[in-house]
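Some structures to go through are shown next.
Both complexes shown next keep chain A, but they swap its partner, so chain B is in the first and chain C is in the second.
Presenting the complex of A and B:
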C-alpha cells in the first residue's frame, strides 16, 4: 500500500478519470434535458443556471451564516451523541447484568424514528437550535451506542481473561483491553452518526425553520427561486460527501495500527 | 425462563412505572401525566382512525419501499457486475447518497404535485441509495473462486444471476434494505408533514398545531411502536431468508 506499483496507479488513475466522466455526464444531462424541452426549465433548471445561482448565493453573507448554523448544530449534536454513546455503551457493555437488562429497551428505543420527536421539539424549543440538537442527538446517539455495544462484546476473551489474572483494575481493563479492541467499532459508529446527524440537522431546519441551510431551502422553495433551491440542495450533498470522506480518512489514519485497516485491500 | 422474561421486561416495566408515577401530578402543559396520554391513545386511535390515517401511510410506505428495493437491486447488480460502469457511476452515487433525503421533498413536489405519487416518489428517492450501493458492494465482493468456477461450468445469464450473484450479495443487500427501512419511515412522516390530508405524520402535526398535547404524545408513541414492529418484522424475515448465512457465520466464529 505504501508503494503502489505503476499498474495499480494506472488503474487508480483510470478509475478517477471514469468517475469524473460519470460526473460530467450527469452535469451534461441536467444541462440538456431542460434546454431540449423534455423537462420544463421551471422544474429542472439547466446546470449552468444552477451553478450561476450557487455563485450568487456564495457571494452573500446569509448563505455562509446558514452553512455555519447547520455545521454548528451538526458538530455540537454529534459531539454530545458520541460522548454519551461511548460512556453509556462502555458502562452497559462492561457489566453483563446491565447488558442483559437494557438489551430489550435499546432494541425498542432504537428504531423509533427520530422525526417522531419533531412536534415535541417544536413545542419545547420552538424553531431554535435546541430543536435541531434534540433530534440530532437522539438519532446519532443510537448509532454510536449500538456500535460500542458490538465492540465491547467483540473483545478477545483471552485478552480479557489475561487482564483479569494479572489483576488489572476495572479502569485499567477498560483503558487497556476494552477500549482499544472496541475502537474500530466506535469509529464505525461515529462515521454513521456523522452522516445521520447532518441529515437530521438539515431536516429539522427544513421542516420547522430552525436557522440553517434547511431553512434557506424552505425560503427558496416558497419564493419559487428554483435554481437557488437546487444550488442549496447541491450544497447539502457536497457537505455530506465531505463529511463522509473526512470521517473515512480520519478512521484510516487513527486506526492505521488495527488489523481491520491494515488488512484492507487498497480501495 | 422466568429469569429471561424478567430480564427482557424488567427495565421497560420499571421505566414505564417511573414515567407513570413521576408524571402523575405533572402540571406542565407539554408533559401531561402518562395516564392522560394513555387515555388519549385509546380515544384517538380507534379502528376508524387507524383505517383512515395509519393505513394510507403504511400503503405509501410499502409501495415506496418495494419500488426502491426493486430499482436498487436491479441497478445495483447491473452496476456491480460491470467494473467500468461502477467506476464511472460511483462518485455520482456517493453524491446522491449524501444528499439528505428530506431536502428532495420540495424538488419532488415540483414534479409530482402533492398527491400519493409525490409521497411514494419521496420514499423511493431516499431509500434507493443505500440499497443500490450495498448491492453494488455485495456483487463486487463475490468470491473470486466461486465466480471462476461458475464461469468454468458455463453458468451464465439468468442462472448466474440466480445461483451466484444474488445469493453472494444477499447479506449486503439485506444490510442495505435494513438501512432503507428506517429512512422509509422517516420520509413517510416528513412527506406527510409537508402536504397531506391524511396519514400519521399529518395527524401528529395537526395535534401539535392545535395544542392537543396528550393526543400528540399518543401519536409519537404510536409512531415509535410502528418503527419497532417494522424493524422486528424485518429481523424475522431476514433471519428466515438468510438462515444459511447466519449459520455459516456462527460456525466460522466458533472455529
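Presenting the complex of A and C:
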C-alpha cells in the first residue's frame, strides 16, 4: 500500500510544480508585455504594479469587508441551493411520475442564464444581499439538482430490489441504498455549484452594486484606478481557486470510503 | 455525514431567514425620530457633496441617517426611487426630463451638480488622442464619438457644441460605452473622440490627449447638469423629511463648493481615483440654486434631437 501511495504523491507533487511554473510564466508575461510597450501600461499594468495595488487594498478594512460580503453571499446562496437541490432531486428522482412530469420544466428553466434574472432581482430586492442570493441560488440549484437526479438514476437496481425484498421502508431505502450510492454525484454537483455561485455573486455585485468585491471592482473601474481593478479581479480568481481546492479536499475526505474515490489513488 | 447534512439544513434555514428579512423593507423606517434614508447615486465626482455632508453631520443634525446605494448607473435609480426602495436619487437633468415626458411620478428636491461655465476649466468635455487631426468642435462632424448613454445629455450637448461651431450635428456618429472604457477606446483608436467627465478627463489629458469641445460650457452659462429627486409620493406623504433632506443637501452643496480640498479628501472615501488624479482633476460647481434657464435649454435641445419622442417636457412638474 505504501508504494503506490508515494508514487501517487510524487506525481501529484510534480503536477503542482508544473502548475506553479505555468503561473509564474503568466506573471512574467504580464510583467513584460506592458514594459515592452506591446500593450499600453495604462490599460494593462505590469504584475509588479498589480501586486502593489493588491497590497494597498489588503491594508484597508473596506477590502476585507467586501471579501466578507462576497463570501457571505456565496456561502448562504450555496447552502440554500445545495439543500434545495438535494431535497428536490431525491423526491423527483425517486418518484418516476414526478420525474416525467418535471423533465420538460427543468430542461426549460435550467438553461436560462441567471444573469437574465438581474432585472427581476433589482425589482424584488434592489441592490441588497437578496438580489445576489436570488441569482446565486438560481444558478447553483440546477447544478446540484441535475447531479442528484443522475445519482438517483444510477442506483444499482439489484441493491434496490434487495432492499425492497427485505421490506425496507421508503425512508430506509433512501437512507441506506439511494443516498450512499448517489453521494459522489451530489459532491460533484456541490463542487460545480460552488464555482458557479462565486461567479454569480461577483457578477451581481459588479452589475447592480450589491455590496461585495464586484461592487468595489465597479468603483475602481469608474475611478480609472486600473491597477486596483486588476488587483481586485485577481482576488476573485484566488477565491475561486481556494473554493475549488477546498471542495476537492472535502470530497476526498468525506468520500474516502467510496469506490469512486478509493479507485482514484493508485491511478 | 449526518452532521454534515444537519449543518447544511441549519445554514439553509438561517439563509432563508436572512433573505426574508432583507426584502421589502425599503420604506422610511423611523426609529427614535431618526429617518433611515437610502439615496441612489453613481459613485463619481459629482456626488462628493452628499458624502462630505454626511461626514460633516449635516444630515445627522436633521435626524437623517444616510445610506448611499450605487446601482447600475442612472437608469436604475429612477425606478428604485419610484418603487420606494430608495427615498432619493441622483440623476442628470436630461434623464429627469425624459422621465417627466413619460409621466414618471418624480420631482427634483435639490440641485446636484453644475458646470463651472469656464471653457478650459470644466469637468466634462470631448477628448481626442494627442495625434488626432481634430482640433475644433466643428470637425467632429462625420467622426465616431463615444458617449456614455445614447439619446441623453451627452449626445445632446455634443451636438450643440458642434452646431454652435458651425458644424453639422446630424453627421456625428455616436457610439455608446461606459465612461471608464473611453480613455482606452480613444487611445487605441476605436473611436475618434469621446465625451468624458472627471476622472476620465484627467486620465486622458495626462496621457497627452486634448480637449476639443467643452460641451457643458457651450449650451448655456452655468449649466445645471444633474439634480437630486424624490418620488411625488414621498413628497406628499412625508414633506418634513423631504424638507430636511433639501436643507441638508443645500448645506452640503454650499460647503463642498467652498472647500475644494475637503472634497478631494472625501473622494478617497468612496472612489478609488488615484491620488495624483484626485489632486489634479477639475471639480465641478455645486450651487444650491438650479439654473432654470439652463434646464430649459436642455429641454429645447432634447426636443430638437428628438429624444423625448413626440412629448414636450413640462418643467413645472419636474422642478421644485
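In the analysis below, the second predicted complex is superposed on the first by the 247 of 267 C-alpha atoms of A that agree within 3 Å, B and C clash if a C-alpha of one lies under 4 Å from a C-alpha of the other, contacts with A are read in each partner's own complex, and residues count from 1 in each chain.
Just so we're on the same page, a residue touches a chain if its C-beta (ideal position, glycine included) is under 8 Å from a C-beta of that chain, and two chains touch if they have at least 3 such contacts.
Since the model is a prediction, treat every value here as computed from it, not as a measurement.
Looking at the shared chain after the overlay, A:59 reaches neither chain B nor chain C. Within the superposed three-chain model, A:221 lies in touch with chain B and with chain C [touch as defined at top].
Contact with chain B, but none with chain C, is seen for A:195 once the two complexes are overlaid on the shared chain.
Set side by side, chain B and chain C differ in how many residues of chain A they touch, and the one touching more is B. Of the two partner chains placed by the overlay, chain B and chain C both lie in contact with A:124.
In the superposition on chain A, A:82 makes contact with chain C only, while chain B stays out of contact range. In the superposition on chain A, contact is made by A:116 with chain B only, not with chain C.
With both structures placed on the common chain, the touch criterion links A:207 to chain B and to chain C. Contact with chain B, but none with chain C, is seen for A:26 once the two complexes are overlaid on the shared chain.
Touch criterion met: A:43 reaches chain B and chain C at once. When the two complexes are laid over each other on chain A, chain A has residues 42-43, 122-124, 207, 218, 221 in contact with both chain B and chain C.
On chain B, the positions that touch chain A within their shared complex are 7-12, 15, 30, 84, 87-92, 94-107, 109-111, 182, 185-186, 189-190, 193-194, 201, 204-205, 207-208, 213, 216-217, 219-220, 223-224, 227-228, 230-231. Against chain B, the residues of chain A that register as touching in their complex are 14-15, 18-23, 25-26, 42-43, 100-105, 107-120, 122-124, 195, 198-199, 202-203, 206-207, 214, 217-218, 221, 226, 229-230, 232-233, 236-241, 243-244. Chain contact summary for the complex, chain C toward chain A: residues 1, 4, 8-9, 11-12, 14-16, 18-19, 22-23, 26, 42-44, 69-72, 76, 79-80, 83, 85-86, 178-180, 183-184, 187-188, 199-200, 203, 207, 270-274, 277. By the touch rule above, chain A contacts chain C in their complex via residues 40, 42-43, 75-77, 79-80, 82-84, 86, 122-130, 133, 183, 207-209, 215-216, 218-225, 228, 254.
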